[in-house]
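Chain nomenclature is as follows: A, B, C and D, assigned in order of appearance, with residue numbering initiated at 1 for each chain independently.
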C-alpha cells in the first residue's frame, strides 16, 4: 500500500493521531483527551481525530497502537488495563465508521516497529526495542518482521520474572522485571535512599524541597547527569536490572541490536552505558558469540503513531500472520 | 526443493545420519562414533555416512544438526562445547566434499523444526520446543518460521536466569534454568534426598542398591511412574522450574504451543501435568489472554535428523535469512 | 524483688497498664489512648495509669514495654517508629515522677519473656517467641535469660533477609522476612488472588462483599478454618515463609522451642502445622540433631504487660547487663 | 578452677593439643595425625597427646574442641561430618581414661570463646566470631557467655539461607551462606572468571600456571593484596556475601562486635573493609541504632586449643547449662 496513512496512539489520558508518509515522517497531528470511562466514546474520539486529519490529506489506511492485548488478527483489543475495553472489535467498528482499512497493534510493538523501520534500528533486521517508562514494555523484530506471537500478545517482556518471590507486580505475579528496571523502580530507589540515607541523597532531597515523597524521575535524571552520587546510584540499580533483562532476552532471541527508549531513556548515556556493561557481563556464551549492540532510541513521543501508521501501510505484505513480506 | 534429503545429527559421542522424505519419514539411517579429538576426522565421518546412504538413495541435499553456535549464514559452527570446532566452515567443506547443497543448524533448533513440521506441533505456527536432557535446549518457531536470531544463536533458553546468584552453571553464569529444570537437576534432587532423608527416598535407594550416588534419571522416572513419593517429589521440583520457565517464554514469545521433549520427557504425564500447572499459575495476564497448550514431543531419537533433513529441503524458501518461504 | 509490679504496654494507639503478681497473674488493669503527637504527654499518660493502679495495690516496680529500640541500660528508647521518641529517657523521667524503680524493654522482648516465664515456654530455657501481627517481631530467651544484645536492640528478627532484592520493607531494606510471613503478607496474598483468580478466591470475595481490597486478615483466618481453599492457600504461603525463618533462627540459636503468637496466630493449627512442616524440612543438619518444638502462644493481649512487669521484678538478678557476672 | 588446662583441637586430619594458662597463653603443644577411620583410635590419640603434655605440666582439666554437633551437656559428640562419631561419649571415655574433668565443645565455639576472652573481643561482652575457612563457622558470645543453644548446637551460622533455591550445600539445603561467603566460594569465583574471562583473570592464571583448576585460595589472597583486579573482584563477591550475613546476624543478635577469622581472613583489610561496607549498608534500622564494629581475629591456629582449654577452666561458673541460675 502506498500513500499516506494515519497512526493513532491510544493512551489512558491522551489520544494522539498523525499523518505519516512512506518515509516515516510525521506530516500533521492532532490530540484529544481520552474519555476513559466510556468505551464507545473512545472510539468516537479516535474516529473524530482521523476525520480531522483527512480534511487536509489523502489517507489510505489507519493504524491503531493501544496499550493492551491485541488479538492475532490485529482486529480486537482483548484486554486493556487502562481502558474499559474487553474483546473490543476496534478494526470492525472503526473501518466501518471511517470506510478505511484499519489495523490494531499493541503500543510497544508499534514503537518497536517504528524504531526498526525509521529509527535506531533501521540498519538491523533482528532487534528488541525496550520502552522504559513507569513500567517496561517491548517489541521484537526478527528477520525483519514484527514478532506478534501466536495469540498476538508477544513481547510482554516487562513481566519476565527477575527475582523469584520478589516484589509484587500489578500483573498478579511476583518479581517481574518492571518492578526493578523501570521508572517506578528508579523513583522508588531514590525515595528509599532519601528516607534512610539522607546524607547520601542530599542532592535529590534538595531538588525535592526536602521531602522524599516529592522526588520525581525527572529530578533523578537531572541530578545524575550532573554527577550526583545518590542519583547515579539509582541508575546503577535500574541499569543493572535492565542489563540483566537484556541478557535473558539475548539468550532466547539473539538480536543484533537492543534499542532503549521510553521516558527513562532521556538519561542517555548515564543509562545506556550501565545497561550495556551488565548485559555484556551476563550474556551466556560470552566470548564464543557476537554480542548485540545497545543503542538509545532515536524517535521520540511520535514513535507510537509512526509505527502504527507504517503497520497500516505494510501489514498486507509483512505483518499479517500467514502472509509474506 | 523436492526429493530425498539427508539429515545428520552430530553429537559428542555419536554421529547419526538418515535419509528423510518430504513427509518427514526416515527411510534409512546409519551411525558412526564421533572421533571427537580431531575436527577433520569428524567431517570425514559425516561425509562417509552421507556417501553410504547415497549408494541406495537419490539425495538432493544435506542438513547438519550440531550442538553449538551456528552462524547466521547456516554455514559455520562458531563454537561447539563438546567438539573442538571453532569457526569451522562445515557447509563449505562438506558441500565441496559431497558436491551437494548443505545447511547447518543447531541441534535443538533442528528438533524444534521437526516437531513443528511433522510432530506434536504440526498444527501450530507458533511454538517453542523444549529439549530436556542433561541440560535444557530449545527452538522457537514463530509464524511458521524457525527463529534463528540475528547472529544465528537464538533459543539458548536453558541459560535464562531463574535464580539470581543461584547455582553455578557450566556456561559461566549463575542460576541458569538448566541447573533447576533438567535431567541433571532431577538426579541431583534424588541423590540429595537419598543422602539426607533416606526414609523418604527408600524407593530410590532400593533401586540404586542403597548408594545415593548410583541413582540415575531412569530410576527416578521408573519409580515416579509407579507412584513412589520420593521420585514424585523430584518431578515436583523440576516440573515447577520447567513450568516457571515456560511462563517466562510465554511472556516474551506468546506461542500457542509448548512441546516438551528430550530424555526426561519419557516420564510422560508425570512431567507434563506438573509443568502445565505451574506454567498456567505463573503466566502474566492470566485470565485476560489465551493460554498455550503444553504437549509431549511425538518424535523420538530421530527428530534431530528429520529436522535437519527438512531444513536442507526448505531452507531456500523458508529458513535462510532474507529469503521467503 | 518480691511483691506486685506494674507492666505497661505502650503502643501507637493504646497504653495498657496492669498490676501483675509473682506468678504472672494480671490482677488489675487500665487503659488510655496514646497521645502520639506529644512525647511528654505519653509519659504523663503512663504515669497517670500507674498512679491509678497504685491506689488499690502495693506496687514495688514498673516495667515498660515499648515498640522501638531500647538501649542496653534498659533506660532510654533510642527510636520508636510509631511515637516521636528519640533517645527518650523513660526510666529517668518515670522513676522520678513515680518514685519507683523502672525498667524499659522492647515490647516483643516483653512478650517473649512472658511466654517463657508463664506461657507456652515455661518448661523451656531456650526459646524464640515470634509475634506475627502486621509485621513480625520476636524475642529470644537463651539459658533462661532474655537475649538483649550488646546495644539492647536484639531480636529484630522480622528484618532478616529472606529474598535478596525482594519486596521493599519499611525499614529501608529489601526482602525482609516480615514482607513474606506476616499478617500484611497474608492479606496481600488474599487480595492478590482475589484480583487475579476470583474463582479460586470465591470464598474470600464473598466474605468481603466482592471487593478484593476489603478482605481482612480476620476474614482469611475464618475462611481457612472452615476449609476454604483460597484462604488455605494464603496460609500455605505465609506458613512456608514463617517456617523457613524458623529454620534460619534454629541454625543460629538452636532453641528447644519456638512460640508462635500475635494476631495471626489466632488461626491456630492451620498456621502452626504449616510452619512446623517447612521448619523441619529446612533445618540444617536434620537427622543428626534434636529438633525444636513449635507451639502456639498461651498468653493473649496481656502478655506485653505481664512480661514487662516480670522484668521489673527480676531485672536485678537476671536481665540487667553486667549485673550478675 | 585455677591452674593449667589442656585444650585439644580435633580436626579431620590433625589433632592438636596444648597446655594453656589462665591468661590464655599457650605454654606447650603437641600434634598427631587423625586416625579418621577408627573412632576408638581417635580417642586414644587424644588421650595420648594429653598424657604427653602432663609429663611436663600440672594439668587440672581438659577441653576438647571438635567439628560437629556437641550435646547440651558438653559430653557427647552427636554427629561429626569428618569423623565417624555418632553419639560418642567423649567426656565419659576421656575423663575415665585420664582421670581428669573433661568438657567438649564445638570447634568454632571454642575459637569464638578464645577471641572473646583473649583476642580481638576481649573488651566486648556481646560478639559473634566468624570462622571463614573452606566453609563458614561461628560462635556467639552474649552478655559474656557462650551461647550454646538448647541442644548444644547453636551458631551453625554457615547454614543460614542467603539465596532461596540457591547453590546446593553439603548439608542438604540450598543457598546456604557458606556456599557464597567462604574460601570455597572464593576459589570457585576465581576459577570461574579464569575459565570464562581469562583476560580479566590474567594475574590469577599466571600464578596457577595457566590452569584455572590449579588456582588456590592462597593465590587469590596474594594477588588481591598486590592489587590484581581479578582477585579483588573475587573478594568483592565473597566480602559482599559475608557482609550481608553479618547484617542478618546483627538483626537477630545485636552484638557490639564481629570478629572475622579463619584462613580466608589472612587477606586482612582487603576482606575486612569489604565486609564492613556491605554490613553497614544492610543493617536494619541503620541511622537509629549503634553499629557493631568489624575486626579481624587476633589469635591464629592456636585459638581452638586456647578456647577449649579456657572452657575447661571456666565451665563450672559460666558455661555449663543450668549451673548458675
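As a working rule, a residue touches a chain if its C-beta (ideal position, glycine included) is under 8 Å from a C-beta of that chain, and two chains touch if they have at least 3 such contacts.
For clarity, every value in this text was computed on a predicted model and none was experimentally measured.
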Chain whose mean Cα position lies farthest from subunit D: A
Of B-C and A-C, pair with higher C-beta contact tally: A-C
Subunit C-subunit D separation of Cα centroids, rounded to whole Å: 33
Computed distance of Cα centres, subunit C from subunit A, in Å: 46
Chain centre separation (subunit B, subunit C; CA means) in Å: 53
Sequence positions of subunit A contacting 2 or more other chains: 162-165, 171-172, 196-197, 286
Subunit A - residues contacting subunit C, complex: 162-168, 171-172, 175, 180, 188, 192, 195-197
Subunit A - residues contacting subunit B, complex: 69, 78-79, 124-127, 140, 142-145, 147-157, 159-164, 171-173, 176, 244, 247-249, 251-257, 282, 284-286, 288-290, 292, 321-322, 324-325
Touching residues on subunit C, where the partner in the complex is subunit B: 164-165, 196-197, 286-287
